[in-house]
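Chains here go by letter, A, B, C and D, matching the order in which they are written, and residues are numbered from 1 within each.
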Amino acid sequence: MNKARLETFSDGVLAIIITIMVLSINVPDKASWTILLKVLPTIFGYALSFVFIGIYWNNHHHLLHAAEKVTASIMWANHNLLFWLSLVPLSTTWMSKTDFQDVAIITYAILLLICGISYTLLTRAIINSLHDKNPLKSVLQKYNFKGVFSIVCYSLSIPAAFWHSYISLGLFTLVAIVWLIPSREIEKKVEEKE
Amino acid sequence: MNKARLETFSDGVLAIIITIMVLSINVPDKASWTILLKVLPTIFGYALSFVFIGIYWNNHHHLLHAAEKVTASIMWANHNLLFWLSLVPLSTTWMSKTDFQDVAIITYAILLLICGISYTLLTRAIINSLHDKNPLKSVLQKYNFKGVFSIVCYSLSIPAAFWHSYISLGLFTLVAIVWLIPSREIEKKVEEKE
Amino acid sequence: MNKARLETFSDGVLAIIITIMVLSINVPDKASWTILLKVLPTIFGYALSFVFIGIYWNNHHHLLHAAEKVTASIMWANHNLLFWLSLVPLSTTWMSKTDFQDVAIITYAILLLICGISYTLLTRAIINSLHDKNPLKSVLQKYNFKGVFSIVCYSLSIPAAFWHSYISLGLFTLVAIVWLIPSREIEKKVEEKE
Amino acid sequence: MNKARLETFSDGVLAIIITIMVLSINVPDKASWTILLKVLPTIFGYALSFVFIGIYWNNHHHLLHAAEKVTASIMWANHNLLFWLSLVPLSTTWMSKTDFQDVAIITYAILLLICGISYTLLTRAIINSLHDKNPLKSVLQKYNFKGVFSIVCYSLSIPAAFWHSYISLGLFTLVAIVWLIPSREIEKKVEEKE
């Protein structure tokens, strides 16, 4: 199994997921500033998911870079992640269509939680496939803490949505910011190895 | 005719097929747990087809890897396969829109049957293009048995749908499981050759 | 300007055009064999356009293979071709939505005519960019006759649609068959050059 | 971070943006020349955006070619540009759906303005990442003038839309023409460097 082809396929699927989301935004039939204002929350929801998929693309790229070979378990862990990510556009649309109601926000949080767990599973599958002497092994295990942090935030955002949906949206934004900070350590180790 | 470009094009088409399926899922206008429950069978249908296309992607990758060159018959057998696979999203949507009625399930089974036959035709086109001394030739001929098994299951699922649609869905799942088991033999031979 | 990147971009656009066409097919809300029969002409229209885009992909691949470099005129001739090809899904949908009425068929014929002319323009742009000593130059000029044949057929299918739309559909099929016959000559010359 | 993978991802997203726009064009249920005439302004809007995305693809290609490495700021400047470009199909549809009303045209102008600024930010991120001795550094800074010209035109098209929407559409076309003129200087310098 070729690593390059798995990357290309994943890139293709991620590029499509990030772009087709825009198709689900309903274009109003009339033009006025009031109508445009009403579309803005939808654009915000789209932007949020765009950033999340963008982050997954970046991290996915670093993660696969660390893999030595593509085993069957890596491949299926990758397909599993792509499946859940492909539901993000749906969940985003539901959130904006229902004016960010708690049920839709909780569903979004649960979906992001499953995506985070799927990413952790992919990380584990790659760790297991690495030789014990590979310096990336320990780095990837440390790297996981970021994933754990996200999973904690997504979990908290579920009960938070019952209290006020803005707290959940705030937690999503917090996760985004944490991931935006580059993981210098893994990059350094990769460079050393090359 | 370049093998890499045929792979890239097929990967692109498969990545789009697997992802656009999600666009056909209707996002409800209101948010409640009851509404979410009603969407779940649709998600199940999507997941089933996601796994099928994923399996085709994997096998297609192994199959093209075995090809020595791209002849006109390989290219058209490949286009033929992609055409039928591109109808899978439609058929999936029909199945979930009609609450898995027998006509829609039979149509889905027939479509998967045609996809299976198209895949067998592509395999044959590749076998015919190989030199007699190529060790992959006999492997690909044995490899075909899996395809034959699928075709038998799809054929059985057609009359089964008249009895009870869940039996057909069970047979689809059985085919998926059989294909998920990696074909160690072809992989080994490919490695030996390289 | 990099030839590989123009190929990748064109492949991406063509893969999307060929696949998104399926999205425009309306999935009926009910399931019965009568309803399935009514969808068949739509599937036929889709299949026809699928073959046409598939042929363009093949020929485009051979054509770009012959190019020595990517000039500005080649790039814009290519973008022009992609633009018209991207309208094929629209025109196909219109044809099937209106039960193959003459106006829709004539529009489809005119669009294919423009695509054929655009392809000829791209061929000319590539011929002009080749060195006089390049053996592909004369081959590409001969190759053009196939394009001329298509343009004649598309032109004939316009008045023919007023008489009977099936004649136009027959002419489209004829063009498809002519293009399906591989152009051995250009392939041979390319091989000699390599 | 790999430059090739960022290019592939951007190419994928741009190919999808340029192609899915066509999906938002409503195909009429009936066929007549009058109906076809009514669709023409929509096709014009699509063509305009097709050219704009095409230009961005060309320039983006030149720009990334000049980059020595992919820093975190380049990557996020690139994602930012892709985000705004992905809204172009929406804005185009709104413009044609509302028969080119001033509010929709102004929104389109503002969006193109933001795209232009995002492109300038990406250019700056790349300039900052270049070594001082790199001959492309001064070229890219000069190259920016074209971007400034666009930004001026987009800005002018906003008040112009209140007067007459055709002036704004004329300004958009002017920007397109200016970008269509190839930037010989940067190409020469790139060739010299290679």
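Observations, loosely collected:
Heads up, the rule we're going with is that a contact is a pair of C-beta atoms (placed from the backbone, for glycine too) under 8 Å apart; a residue touches a chain by one contact, two chains touch by 3 or more.
Treat the numbers as computed from the prediction; the structure is a model and nothing was measured.
The chains touching chain B as well as chain C do not exist; no chain touches both. Overlaying chain A on chain B by C-alpha atoms takes a rotation of 90 degrees, rounded in steps of 5. Two copies of one sequence, chain C and chain D, touch each other mainly through non-matching residues, since under half of the numbers at the interface are common to both. Centre-to-centre, using mean CA coordinates, chain C is 27 Å away from chain D.
Separating the CA-averaged centres of chain A and chain C is a span of 38 Å.
Contact with two or more other chains is made by residues 8, 12, 16, 20, 23 of chain C.
Interchain contacts close the chains into one ring where each touches exactly two others, per the touch definition above. Chain pairs that touch one another, listed by label: A-B, A-D, B-C, C-D. Partner chain D is touched in their complex by these residues of chain A: 7-8, 11-12, 14-16, 18-20, 22-23, 25, 27-33, 36, 43, 47, 50, 54, 57-58, 61, 65, 180, 182, 187.
Those residues of chain C that touch chain D in the shared complex are 1-2, 5, 8-9, 12-13, 16-17, 20, 23-24, 72, 75-76, 79, 82-83, 86-87, 89-90, 93-94, 97-98, 101-104, 107.
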